[in-house]
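Lettered A, B, C, D and E in written order, each chain numbered from 1.
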Amino acid sequence: MTTAGAFVEVELVRPRVVAAGPAARPVWWRRLLRALPPYLYLTPALVLLVVWTYRPLAQTFQLSFHSWNLLPTSPITEVGFDNYTRLLDTPDLGAALWRTLVVILGMLPFTLVIPVLVGLLSRRVRGRAGAVYRAMVFAPMLVAPVAGAAVWQWLLDPTAGVVDKVVGSPINWLHEAGPAQIAIIVITGWHIVGFAVLVVSAGLTGINPDYAAAAGVDGASRAQVTRWITLPLLSPTMAFLVLMTVLLSAQWTFPLIDTLTQGGPSGSTTNIYYLLWDYGFHSYDAGLGAAAGVLFFVGFVVLASGLVLLSDRLSHHDD
Amino acid sequence: GLGGETAAPSSAPATVIPELAAGQQVSIVFESYNFGQAGAWTDTFTELIGKFTAAHPNIKVTPQKPQGNSANPATDTVSSLQSQLATGNPPDVAQLGFSELDFSVNQLKAAPLDDLVGRDAVQKNFDGAKYPYAKTARALGDWNGKTYGVPFVFSTPVLYYNADLFTQAGLDPAKPPTTWAEVEQAALALKSKTGKEGVYVDCLTKSSKDWCFQSIVRSNGGRVVSEDRKTLSFAEAPSVEAVTAMQAMVKSGAMPNRTQQQGTEGFARGDIGMIVESSALQGTFGKGLKTGLRSAVLPAFTGKPVVPTNSGASLFVFAKDPAKQRAGWELIKFLTSEEAYTTISTKIGYLPLRTELVNDPAALKPWADKNPLIKPNLEQLAKMEPWVSFPGDDYVQVRDGMMSAVESVVFQGADPSTLKGKQDELAKLVPGGGR
Amino acid sequence: MSRIHLQGLTRRFGGVTAVDDIWLDVADGEFLVLLGPSGCGKSTLLRMIAGLLAPTDGRVLLDEADITHLPARERDLAIVFQSYALYPHLSVARNIGFPLRARRWSRDEIQAKVAEVAAVLDLSELVARKPKELSGGQRQRVALARALVRDPGAFLMDEPLSNLDAKLRSSTRAEISGLHRRLGATVVYVTHDQVEAMTMATRIVLLDKGRLEQVGTPEEVYDRPESTFVAGFLGSPPMNLLTAEVVPDGDALRVRAADLDLPLGITADTPPRPVALGVRPEHLRLTTPDAAGIRGVVRTVENLGSEEVAHCVVGDERLCLRGARPLGLHAGDPVHLTAAPENLHLFDPGSGRRLAWQPVPSFSHHPPPLPHPAPSPI
Amino acid sequence: MTAAAVVSPVDDEAVGESGRARSIAGHVVLTLLSVACVFPIYWLYATSLRAPEDVYSLSVLPWPLSLENYADAFAKTDMVGMLVNTTVMAVLTALGQLLVALLAAYAFAAWRFRFQKLLYLMFVGTWLVPFQVTMLPNYVLLSRLDLLDTLAGVIIPTLCSAMGVLLLRQHLMGFPKELLDAARMDGRSSWGILWTVVVPTLRPVLAALGILLAITAWNEYFWPALVLRRGNDVVQLGLRSFMGTEGNDWGPLMATAGLTCLPVFLLYLVLQRHIVNAFVRSGLK
Amino acid sequence: MSRIHLQGLTRRFGGVTAVDDIWLDVADGEFLVLLGPSGCGKSTLLRMIAGLLAPTDGRVLLDEADITHLPARERDLAIVFQSYALYPHLSVARNIGFPLRARRWSRDEIQAKVAEVAAVLDLSELVARKPKELSGGQRQRVALARALVRDPGAFLMDEPLSNLDAKLRSSTRAEISGLHRRLGATVVYVTHDQVEAMTMATRIVLLDKGRLEQVGTPEEVYDRPESTFVAGFLGSPPMNLLTAEVVPDGDALRVRAADLDLPLGITADTPPRPVALGVRPEHLRLTTPDAAGIRGVVRTVENLGSEEVAHCVVGDERLCLRGARPLGLHAGDPVHLTAAPENLHLFDPGSGRRLAWQPVPSFSHHPPPLPHPAPSPI
């Protein structure tokens, strides 16, 4: 006789303890104590940061709405946005902005083109030679800006300087409008190019060599590998360098302008950073200076975030 | 707030500060840009301070240079003082340029010496033990009739020239040019005959400031700012004319396009035949040229009198504490004494403000005889007019703006009419609209 | 030596539930292997037991004590990582002695204990070396020694063998098994390698997407997989799974599909129902063309050295057959296969759970609504 | 784990890719660039070694050699004192920055905590604050703390180096997490782990970063120029003593500049590879 | 499709000889697998064939043409890397089309060809994705597609499966094998996984420390290993190797050691000589205690699911025995084993080379020193 029956699913057995309940939460102070360590480790740095960077920033912000010439004997008066309007009314602002753009564009060959070129070329030379070249290119980075300015002033002298002797022209680099701007850019570039080369080397090292090998086997010529593979993969590094150039060019040129041309001749090397410094800090007008500082900070933040967003969109990450 | 709370009594004490009691220990800080330069400058001043403390064992002097990052510490003096004032700890005695007089008195609140130690004592110091101050120099540190600063070092623009190059170029070193036209001629001769540069006028750039430019404009009958210091006038005919003349020299090749530093160095190196420069640089030129350095008075515009103006610095007291004020006054007295000037002139080459010293065989006569170069400077002292500072808090911007405009006309070939535009623009920064 | 209880342990990372309500008892002295594909939450589970990761929910008990909120260093557990995590700047001896140093033992005590443990693991000669001067197997032993040295309540191991090459892996496997036997220690061992799991475990826990799929001895999970996941995970090649239907035929049940007809060895009657039929490759036997069974065509034959695997097509499904070399089959050959009823596994095609036969007394009028979750089979 | 040399990213031995023409082209370009970069430095030393009367000479070789400019520099300024001061300042700054950065980077790398991102941005943000903004308020604060004219005044405000924190954080992120976990299981507190595991392992990185920070501190100019006015100068300020209204005193100026750069160059030459590696492996991309 | 000849190929890195004088002919359409432990020079050899690495010595010929000095891009070869080396910034379609773009095909031609290849490898849905949005198996297929797209003379593959998990690995294995059959392409395939080698290769090349150890079909290398290295490398567990001695006994030769006595099935006489005796775990059979054979004791039994492996001790040597589950053995059991003479392998204990029996005409006065390294067996 046939039995009836059915196939039933086999259930998973679990050692369930009926009275398990949620684990007892530790008392609040114990939880607090457990969350504390990272903050404790951060404390020294944060204290320093707040005391020496953000407190001054806040004070500057506050001061930017006041008029004061820094002297304890003179009154501090509130002027609202007056300082800002004065700053933005500054007659040379437009020209200075334009010159800043020129500086940034002029720096790009040193922070981007040459480093990438060097990075790519130094892979071709074998063995230690590449390292030696890199070391030599990096050397200017180690020269203090003041010392560098002094040497260059010397090299660029129109009668006694080496540069004019080599170029064979009587250009007075530091006292003719166009050449002065070029000189400032070149000297800054000379300082910074080693650092950029290093960053590019780091970037290139981070690219898996298999890609180039694969592209080679796939039939791409050396130039194609560079154009289609290496450069796109280097794009995050390049984005970083562009960001750095845009944000820091004006700061890098500052000590050189201050030592070599003081913004001259007739303002041809006065970029926005130097102009505001001149207005803000040479005229003993603390409010104006503070407004300039705040404007810088805000400008930098906006620029930086914009560029970061843009570069995230445009560059390819290799992971 | 930025630490501006340190309240200070703004009213001057009615009575003079007391003398220091014997054995009363005071220590003061003396800020001078002379400490910013290595070599003779620092050494001489250290020596003087040494002598002073030897003479006043109860006063301790701490020397310091202006803080700041300019290559030229002299440009940092005011900002240094200002930031120290902001902390409430200014130096007790400071050496500030004449150009900062207005600001020093009205903003930095230098102590009026007449109130501190009495007008008589101040004047007595000017009269000196034996040799008084040159008449034109006495009032350089006065404001509204009160003496705030004691003029300390100063100089006038002088035409230096290189006799060796003159000879080479077939010019007579004994007959230096006396007018700008002659200067230009000589320069062109120098240039074509020796291959060197002709002349550099160190009065026409932003970095050379305006004191010497004022000389040139005044010599052409103009002024950069009206006599009452209320209106800018550097774009008026006489000064535009002067500037145009300078520009013409650059255009003709008589004057090379140089920065201030390149100009002075080029001359010191023997690469430039002539230079219009402060007499304070004589030492440098002497060291560089070894032979052939000569000097002459500032060239004139044909048919017009030369009006030299001065540069230099005074000593101010910023101390609030009476004892320190008194000690500071003692230091000033010492530094402007006959003895100190003898040392300063021989060691550094600055002209003594007690001009008669150069005639005293016991003091500076031997030195002066050895240095005929100081003659034009001494000569000019008689005709000298004080250099005029720009008014207001933004005087630096006004000054720099004017000099930038001049620089771009002279060296960058801008049209002289641009001065007008600049003047209008800068006028806004002058209290009262500058018109 | 200790027991570990996991009660409803859960861990979420943002939206991802890496470990999902795990209930588990690890007995004292047990060698429990957590097995599952990559990303199934094995490491996460282990790290929660170790105290390196706080659970989102649930409790961890060690010998009945709730240690859910105890920091790692206060738990009496030792862990061996896949990367070994040897301190690169310390010599082997100092690596092994590290936990004791942290416990402030005296120098002499440490030295003695390290020497003892090093001897056990045959590391005495290497104590002066730095980790980078060791081979993979030696590093593995140092990591083991470091865990051993402090006589922990239980050992946790996260894929400790996966960095070794095949040969070393099998010898070290034996070594760890031996050690476990000697020490009688409780071990929770994570791996995704079924050979390791089968050969070392006293019990295997199969995890899939953070959920527990089956717990049992190696034999249980191999011979009685409780879900298609387990069936398809174990074995190499794993169990063949074919879409089929259970149908009553006469008085017996058969499982049928295109080209497939096998008796289930159950004498009963039940309405036809779709199933997933599982049969291991080694349980398929060649049979004569006329017998009922599976008819297919050989696609390829893989030679594994000692054995061969024939990949066949049955209907539109694939099926592997495994046997001693030579199988005598070639690509394109038609094959006729059969398997004993006891080697056939049935799973629900929807839930993937194993189906067990549950006879119903014949006097029942209403056949129960089928299929139906059984209370507790096995 | 950090000692690996910088390897060239393309297999430089691929067939047909080691062509002479290619590598010669590379050598030519690189040599030109290197010479352009090094020439000013060479000129600095060449000038400093000329006799004072030859300072304006344009001959490529400084002949006859003369140490007079150096003697001059030593005579006119307290060169030894400045070098000692600068060394103390650079070393203390670097050590302090390293410690502060290590602690902060450790916190960022080893924990997940509330406001982590915000706090991190605070560090990055320091790069966006112009020096001129902090200059004056900090100067005033230093004076209140009576730290003007002291090395402490130079050092303390710079102790938190954002670059140090970011680079170290990068390195620590790459630090094997299992190593930290192992140490936790082995019974160490986080403080113990930092000093017994992290620091010894990261020693090469810390050394390289320390040197980088020391070089930066050594070259620092603006801030010391503000804080130090009375005597105890750092060497960068010594440079300024030879510049001025009177024109630059090129001989001793170049000698001082040469001396200023010398320790940095020596450090760099000796530790070149480590410094480069600290950058390269920082993942600073 | 092409033939590849390697003639004395050698590569030294500083003092290390990574590849040592390799002579090898790869026939047209062959699936040649380079097998060997990590660091034996497989990748180095492959990279030299690809032109990614210049040989220190020797030549590479493709269809008789010497390509030793031809740059990689001019060789008609495609390579698939272990890391796949998919260009991370390009979409799947552009990755696949890359070799064509380098060859200056027109956009339309590229699109058509990519679509075709993507369809073959079931990638059509993925062409718009970036590599990081793909799973391991998909990436592997894209890499394969990129190699396929340009119909190269030969495919080179460097451990293409080692990043995949076990399940995916076995299915992709079949996929590549199938592809090879369909295309009839010449493939040189690097792996250290013997299952891959055995199942995919038409011929296997065994490398050890840069030197070629044996070349042959999977059956040849498995059944007739020419050295102890090969014997010990293949099989899981690999061949048992025991120190023994060949002695004449009566008119037959036997191989003997402590607790071991097996007939070789050779009727001859020769002076005793030491040998390494090899016997595969699956060729050992249980026998009765009284029969001559191998006597040992079981140490452990490993359950592999379908089979069991018994680890035994014989004298002071170890030996594995493998058979269908259940073996019926338990730890501590004494075992008596035997193996058929044709399953015994003899090796020279010094050189490790295989020994073959070479009968000598009986009229010789001096019995030849036997056994004797075979000149060229097979």
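A few comments on the model shown:
In this text, contacts are C-beta pairs under 8 Å (C-beta built on N, C-alpha and C of every residue); 3 or more make two chains touch, one makes a residue touch a chain.
Since we're looking at a predicted model, the values are computed, not measured.
Listed by label, the chains touching subunit B and subunit D alike are A. Ranked by the number of C-beta pairs in contact, the top chain pair here is A-D.
Taking the mean Cα position of each chain as its centre, B sits at the greatest distance from subunit C. Centres computed as Cα averages put subunit C at a distance of 55 Å from subunit D.
The geometric centre of subunit A is 54 Å away from that of subunit E, both derived from CA atoms.
Inter-chain centre distance (subunit B to subunit E, centres taken as mean C-alpha positions): 92 Å. If you average the CA atoms of subunit A and of subunit B, the two centres end up 42 Å from each other.
Residue positions 71 of subunit C each touch two or more of the other chains.
Taken residue by residue, subunit A touches two or more other chains at 59, 70, 146, 153, 160, 213, 216, 255, 259, 281, 286, whereas all remaining positions touch fewer. Among all residues of subunit D, those that touch two or more other chains are 11, 14, 17-18, 56, 136-137, 221-222, 240, 243, 248. Across the whole structure, chains are in contact as follows: A-B, A-C, A-D, A-E, B-D, C-D, C-E, D-E.
Contact residues of subunit D toward subunit A in the complex are 6-12, 14, 17-18, 22-23, 25-27, 29-31, 33-34, 36-38, 40-41, 43-44, 47, 56, 58, 99-101, 103-104, 106-108, 110-111, 113-114, 116, 119, 122-123, 125-138, 141, 156-160, 165, 190, 215, 218-219, 221-222, 236, 239-240, 243, 248, 250, 253-254, 257, 260-261, 264-265, 268-269, 272-273, 276, 279-285. The touching residues of subunit E, counted against subunit A in their complex, run 47, 50-52, 71-73, 75, 77-79, 81, 83, 85, 87-89, 98-99, 101-103, 132, 146, 150.
If you check the complex, the residues on subunit D that touch subunit B are 56, 76-77, 136-137, 139-140, 143-144, 148-149, 221-222, 225-230, 238, 240-249, 252.
By the touch criterion stated above, subunit A contacts subunit C in their complex at residues 1-17, 20, 22-26, 30, 34. Within the complex formed with subunit A, the subunit C residues making contact are 5, 7-8, 23-25, 57-59, 66, 68-69, 71, 212-215, 226, 246, 248, 251, 266-270, 273, 275, 346, 348, 351, 353-362, 364, 367-368, 370-378.
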